[in-house]
Every structure is written in C-alpha cells, then in structure tokens.
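Read through the structures below before going on.
Shared between the two complexes below is chain A, which pairs with chain B and chain C, respectively.
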Partner chain A sequence: MTRSAEVQRRIYALMVLMKAADDRLSKGIGTGEFICVYWPSRGQEAIAAAMGISLRRDDQLVTTYRGLHDLIGKGVPLEEIYGEMMGRTLGASRGKGGTMHIANPEAGVMLSTGIVGAGPPVGVGLAMAAKRKGLDRVTVVSFGVGATTTGSFHEAANMAALWDLPVVFVCQNNLYAEMTPTRDTMKLEHVADRAAGYGMPGVRVDGNDPLAVATALDEALNKARHGDGPTFVECVTFRFRGHYFGDRMRYIPKDQLDSALAADPVPRFRAHLLDTGVATDEELTRVEAVAAQQVETALQTVMSADAPSIDELDRDVYATPIRFPV
Partner chain B sequence: MADFVVRIPRVSVAVSEAELVELLVDGGQHVEEGAPIYVIATEKVEQEIEAGASGTVQWTGEVGTTYDIGAPIGVITA
Partner chain C sequence: MDSKEMTMREALNLALDQALEKDERVFLLGEDIADPGASGPTAGLSTKYGHDRVMDTPISEAAIVGAAIGAAIDGLLPVAEIMIMDFIGIAADQIINNAAKLRFMTAGRTTAPITVRTQVYGGLATGATHSQTLEAWFMHIPGMKVIVPSTPRDGKGLLTSAIFDEDPCLFVETIRLQGQKGPVPTDPDFAIPLGQADVKRPGTDVTLICYGRSVHDALAAAATLQDEHAVSAEVVDLRTLVPLDVDTMVSSVRRTRRAVVVHDAVRFAGPGAEIVATLQAELFGELEAPVERVGARFVPTPAAAALEAQVYPSPARVVQAAQRTLQSAKAGIHG
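Let's turn to the complex of A and B:
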C-alpha cells in the first residue's frame, strides 16, 4: 500500500520525536544533569511510529518498561512521560509509578509493565471487554521476544485465538532479552512461527521499515476490528543502547552492532523521503529542530515541577485509603 | 544560559556512588558539550563522562574521592 506524503511525513515526525526524547534522556543521565532509570527504545522507532499512525485514538495499547517510543506514538504527552520517569507530580501516575508504570487511558494506554509476559493476558482482557461491549476498538499488546517464552504469553495467545478476540500481538524483536541472544532461548528461527501453534496468523516484517510495519498492522487491525481474531506481528529490529541505560553491551558482537547501526530506521526513512521526493532536506531539518525543541520544553517543565508530597503516598492505591504512618 | 553543575551521573541502574579518578580538563579551561571531561569508576569499571554544556569548567571535586550519585563536583560557565 502506498501512503500519502502527509502520512509519511507524520511517521517521520513521530520517529524523530521518539529519537530526540531518547537521546535527551541519555545525554542528561550520562552527564549527571539528572537521575532517572530507563530502558532505551533508540533503534525501535519505526515500529512505534507505525502504531502511531495505524491505531485509532480509542484503540488500546499495553506496553512494557521499554515503552518511551510506544507511548509517544500513542499520543501520551511528553511531560507526562518524562514527569513519571523523573518522579514529578505531572507524571502520568503523578510521579509515583516511575518509568515502568506509565498509563494514560484517555490516549488508550492502559498499562506499561515491568513484568515480562504480563502484558498479553491484560491485553486479552481488554479485548474481551471490547468484544462483550460490542465496541469495534482493538487492543495492541507490545512486548519483546523474551515475553514470548513465558507461560502467560501462551495462555493469552491461546485464549485470544480461541475466542477470536480483537487483539494484535506486536513483538518487537530486538534480538536480545537482557543479555541473552534470542537464538539461545528458543529453537524456532522466527518468532512469528509461534503463532501457528495457536491457530492465528503470524507475520514477520522488517521492523526498521515503518511502511512495512504499518501495512502489516493495518491488515491485523482490520481483521481484529471485523471479528476475525488476533494476529501475531513480529517486527525485527535492534536496541542501540542495550538493555538499560548504562549497559556496556560487551555481550553484543561489534559487527552485529555496527550492521544494526547501519540499518538505523531514522536516517533510513529520512533518505527514503528525500529519494522519493516526499519531503525536502530543509523540511526534514525543520521537523528535527521542532522535535528537539519540544523535548527540551517538556524536560524543563518537568525539571521545575514538584516531586509528589507525602500525602500522595497511599492515594490511588486503595479505594479506602489506609493512612500509612510516615 | 544558567551555569551547568557537573554532577556524578548515575551511569548504571545499580550504582549509588562513584570514585572520581581523573580530570581530563584543567580547571579554567574551555570545554565543548559532548567532549569527555572526567573519569569515574563504579564497580571497578572506569568510564569517561562528557560535558553536558559548553563553557569554562571549574572543579570542586577531588580526584581519588568517592562521591554519591548526584553529588556536584564542578561547574561549567557559559
């Protein structure tokens, strides 16, 4: 499918914003400007940008700790994301949840989880709710390859297929789970082949090509929306900064990292837009400057916001708060 | 622009302190944002730390001292 120039420019703007948001965190933590813990998504932007243009606002998303790009794609304001990562009141969870716990139901982001494999069953529950309510919204669950080797993934995939639930499993295959290469954790060469075991279609796409991902997603979303059940979409990509910020990546062979960096989705899509005449160099440079400025403004807003007060401690935790002694 | 306070960065999830092992630039010298300006050691691993801003650096940290993450060790004045 060919995308309009406008859609392609939107994809690029999203990718650039995701990259700028990741780069700024990396720079700020690395130079001691601020302290925060995060799991970088640099390198995986094409997948999240494709989700950003393919999902409707009322479609729902469940993601993981490595969710900065996914959250931006789904339209969570940058201040809420950074605010949560840095423990400030304007964070999505009022600064009490941290990087791993960012949700924004208005934008359709229902859960970010740090428990590997915990997302798929929750996504299946959300899809079941939509089906029972007669809504035509779809739930997308985003996770890594490591998650597909958990029992909870198996249970979720099985039920989703059995009940033709409106869910799309998006596996961001970055070739590692923490420090372990995928080939050391599963016999299958292609994760998408797992789908056959549940009786659902499994497709494998170049996760560094946002147009390829969007095409696969559109088909999966369309099926799910029309009652034809789930799809498993494997998007092959790489994470450039390792598992967590500060990961020295000694376990990644240099030639593998070099070739992954050479396939960086952001400059690659930029070159595509120039080659096909969709945008000019000046236009794209402006998009990049706007993204950097947007990130800087969000960061400064967050840095000048307060940390949650002690009164916030048990708010949102219990329906009837038990006042913890402090 | 406001002065940039040079602080000991949290370079890895599990570290709470780091030793300042070397200053790569003398106090009073100009530094460029992104250039390595000092070295810290955490968990026996040494790492060069880049300048977070451009300007003239002045050091308050002492080489050989172990600091908590976030502790100020200098300032860069634009």
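Let's turn to the complex of A and C:
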C-alpha cells in the first residue's frame, strides 16, 4: 500500500519525536541532570509510529514499561509522560504510577504493565467490552518477545481467538527477553509461528520499516474491526540501550549491536523520504529541530513542576478512603 | 422486607440474578458457570440471560481475571469466578498487580471494580490443593476488599454490594455453607454495606470474633458455653476483612474484656494476627486475658477425613479457648 506524502511525513515526525524524547532522557540521566528509572525504547520507533498513524483515537492500547514510543505514538502528551517518570504533579498519574504504569484513557492508553505478560489478558477484556457494546473499536496489545513465553499470554491469545475478539497482538521482537537472547528462550525460530497454535493468523514484518508495519497493522485492524478476530503481528527490531537505562549490555555481541545500529529505523526512514522525493533535507531538518524543541520545552515544564503532595498517599487507594488500624 | 427461606447457594444465585436483571453492565465469566454444566450459584443464569452474559471460559484463571479487569476498566461490572480458592494463585498477578493497584497507579484515571467470586473447598477430603482458606493473602494487598459471608442473608446482601462496589472485591464462599438455609430478603435493592460487622449473638463474658464458616463454630460454642458453663459469649461476625470493622470488634471486647478469634485459615500469620494486634493496641490494660486464636493447624490440608477433622477449628476448640480466657492468671487475681 502506498502512503501519501503527508502520512509519511507524519510517521517521520513521530519517529523523530520518540527518538528525541529517548535521547534527552539518556542525556539527562547519563549526566546526572535528573534522576528517573527508564526502560529505553530507542531503536523501536518504526513500530510505534506505525501504530500512531494506523490506530484511531478511540482504538485502545495496552503497552508495557518499555512504552515511551508507544505512548507518544498514541498521543499521550510528553509532559504527562516525563512528569510521570520524574514524579511530578504534571505526570499522567501525578507521579503515583511511575514510568511503568502510565495510562491516559482519553488517548486510548488503557494500561501500561510492569509485569511481563500481564497485558494480554486485560487487552482481551477491553476487546470483550467493545464487542459487548457493539463498538468497532480495536484493542492493540503491545509487548516484547518475553511476554510470549508466559502462561498469561497463552491464556489470553487462546481466548481472543476462541471468541473472535477485536484484538491485535503486536510483538515488538527486539531479539532479547530482558538480558536473554530470544533464541535461548524458545524452540521456534519465529515468534509469529506461535499464532498458528491459537488458530489466528501470525505475520512477521521488518519492525524497522514503518510502512511495512503499518501495512500489516492496517490489515489486522481491519480484520478485527469487522469481527474476524485477532492477529499476531511480529515486528522484528532491536533496542539500542539494553533492557534498562544503564544496562552495560555485556550480553549483546558487538557485531550484532553494530549491525543493528546500522539499520537504525530513524535515519533509514529519513533516507527513504529523501530518495523517494517525499520530503527535502531542509524540511526534515526542520521536523527534527521542532521535535528537539518540543522535548526540551516539555522537560523544562516538568522540571519546574512540583513533586506530589504527601496527601496523595491517602488518595486513590480505594474509591472512598477506608480507615485501617494504625 | 419480604424474606424467603433459602440456601446460601440460592441466595447467591438470587443476588447474581437480580444484578444481571437490573444492570446491563453486569456479566459473569468463569469455568463451568453456564448451563448445563453449572451446578453452583450460577446454575440457571445462562439459560435466563444468555451465554453472552454468563460466559463459560477455558481453564485460564489469569485470563479470566485479566479479562474481567479489562472489561471493568471500560466501564462494565464483571463478576469473575475462580472455581476453587486454591486456583487463585494462577490469577494472583492480575488481582494483585492490576486490579488492586490501578486506581492508585493511575490516580483514578482507570479503575477495575471487578468482583472475584471463589469458593473454599475445605472439609471435603479433597486434599491440600483443593482446600485452602487464603483470604489473608489478599488482606495484605492495598486496594482489595475481602468479603467472607456466613449466612444466606449476608451472602446475598454482601454479594450485591460487592458487584456494585467501586473497588475490586474478593468474595469468598465456602462449599460447606452452600447448602445451609436461612431467611433471605428478596428485594433486589437489599444490600449490606461492606465494612459492617454483625453481632450474631449478644453476650457479656467473652467475645468470639469470627467470619465465614467459623461463625457457625462460634455460635455452637456460644450455646455450649451458655448451657454447660454458664458463660455468656458474644459472637461478632466480621463479614468483611477489608474494610475491617474495628469499632464493632473493639466495643464488644471493651465490654467483655476477653476475646477469641476464630477462622478456618491457618492460625500462623492468619487474619487473626491482625485482629489480635488491633485489639491489644486499642485495649491494652482493659483485657482480662491474652486474646486467644483458633485457626487451622499449620500443615498442608490432609486428605484423609480422620486427619482433616483435626486441622480445622471446631466448636469444642472454641469452647476450650474461651475457657482459657476465663481462667487466665489475671482473671484469677481479680477473682
């Protein structure tokens, strides 16, 4: 499927924003400018940008702790993300959830999970609700390859297929489950092959090519939207900064990292836009400058915001506060 | 209020039936809960409301609760069933890390007001993996409410409250109580607020604090204490462990100055530990005797009936514990 120049530029703008947001965190944490815990998404931008243009606003997303790019793609304001990561009142949850637990239902981000494999069952329930309400909304559950080795994923995939639920399982296969190579965690060569076991289609795409990902997503979304059940989409990619920020990545062979960096989806898509005449170098340079500025503004806004007040500890534990023996 | 004699099973069925009837958002999901396979409190409901609203699921406890959470985030009121409480470990991550914490972690932007119904199978010689009484696990999780009814009336009233409560609720049923009968209000609006203990029998000499099946041991013990020992025991049924009705519990013991906590959960680190700690903090100096605890022995539940009978509390054990509180050194000094 060919995408309009406008859509392709939007994809690039999203990718650049995701990259800039990650780069700025890396710089800030690395230099001691600020402190926050972070599971970097750098390298996986093509997948999230494709979701960004393929999902409707009312489509829902369940993502994970490695969710910066997914959240940006789905339209969560950067201030809410950074604010949550840095424990400020501007955060999506006023700093009460933290990096791993960001939700913004207005943007369709219903859940971010810190437990590997915990998201798919919840995605199934969101899809059940859509079906029950007669909505043509789709729930995308995004996760890494590690999630697919959990029982929780297996239960959810089986249920989604059994009931033809409007779910798309997006596996961002960055070739590692935390610090262990994928090949050491499963007998199958391709994660997408798992789908056959559930009676759902499994497709495998180059996760560094946003257009390929968007094409696969559109087909899966369309199918789900029309009552034809779930699809498993494996997007093969890489994460450049390891499992968590500060990961020394001793377990990643140098040549593997080098070739992954050489296939960095952001410059690659930039080159594609130039080669195909979709945009000029000047235009793209401007997009990059805008993204960097946007990130910096968000960061400074967050840094000048307050930490949450102590009384937040008594709020939101229960709908109405309960008195406990002290 | 019109009331009808029925079993606990029928009372719970009526609560589910009326909830399904009055609110489209309510639906049930679980293993073998739809007809013709259903034999517990959900029997007949799929025939009445359809398999869309009373859904049989695969054997997938994590996904049953996880799917309930997803549907609840989206505004529905799911009632998930974990057939036997011992299976709840498989769903524990969803309960503990998603349902209980969402409201806090998202500052109220998402919530999961699910009800998880489950059943304790103890006492049926089903062995160690089909007998456990595990409510203490979930009392330990901020965000969860924990409910354990003892009578058909309480079962209906509390389940109705749980289904429509804004917080996730664990509703613990007991297989040995499902057939017990009692009067039950039939009004669909009948509900018992969560967090209100009930004095099941008034008394003046010692307070028996209990919930769920142990309420019946306590009531039997109270009758024996009265008839054979001229001791007046007050029976306080907590009904919900979270919220815990500290006021009712403490005001009873303030009067009687002696207490025995009874539960089917193992005694060591059981719910009674928290209750006793609360009582001593509130009533230190007013107590005539150390608070006694009667709970299951700290062993995996044995299968052989002869052994299993030794594990759980019994009216006789409650009587003995109550007598110890009446014979303690301090009580002796006071005459």
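Just so we're on the same page, the second predicted complex is superposed on the first by the 321 of 326 C-alpha atoms of A that agree within 3 Å, B and C clash if a C-alpha of one lies under 4 Å from a C-alpha of the other, contacts with A are read in each partner's own complex, and residues count from 1 in each chain.
Just so it is clear, a residue touches a chain if its C-beta (ideal position, glycine included) is under 8 Å from a C-beta of that chain, and two chains touch if they have at least 3 such contacts.
Bear in mind that the values here come from a model prediction, so they are computed numbers and not experimental data.
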A:G246 touches, of chain B and chain C: first, second, both or neither? first
Partner chain(s) touched by A:A224 [first = chain B, second = chain C, both, neither]: neither
Partner chain in contact with A:T31 - chain B first, chain C second, else both or neither: first
Which superposed partner A:A129 touches (first chain B, second chain C, both, neither): second
Chain touching more of chain A, residue-wise (chain B, chain C): C
Common interface residues of chain A - those touching chain B in one complex and chain C in the other: none
Chain A residues touching chain C - in the complex, by the definition given at the top: 62, 92-94, 96-98, 101, 103-105, 110-111, 113-115, 118, 120-130, 132-133, 139, 151-152, 155-156, 158-159, 162, 312, 315-320, 322-326
List of chain A residues in touch with chain B within their complex: 27-33, 35-37, 244-248
Chain B to chain A touching residues, read off their complex: 4, 6-13, 45, 49-52, 69-70
Interface residues, chain C side, partner chain A - complex: 27, 52, 57-58, 60-63, 65-76, 78, 90, 93-94, 97-98, 101-111, 113, 142-143, 145, 165-167, 195, 242-244, 246, 274, 277-278, 281-282
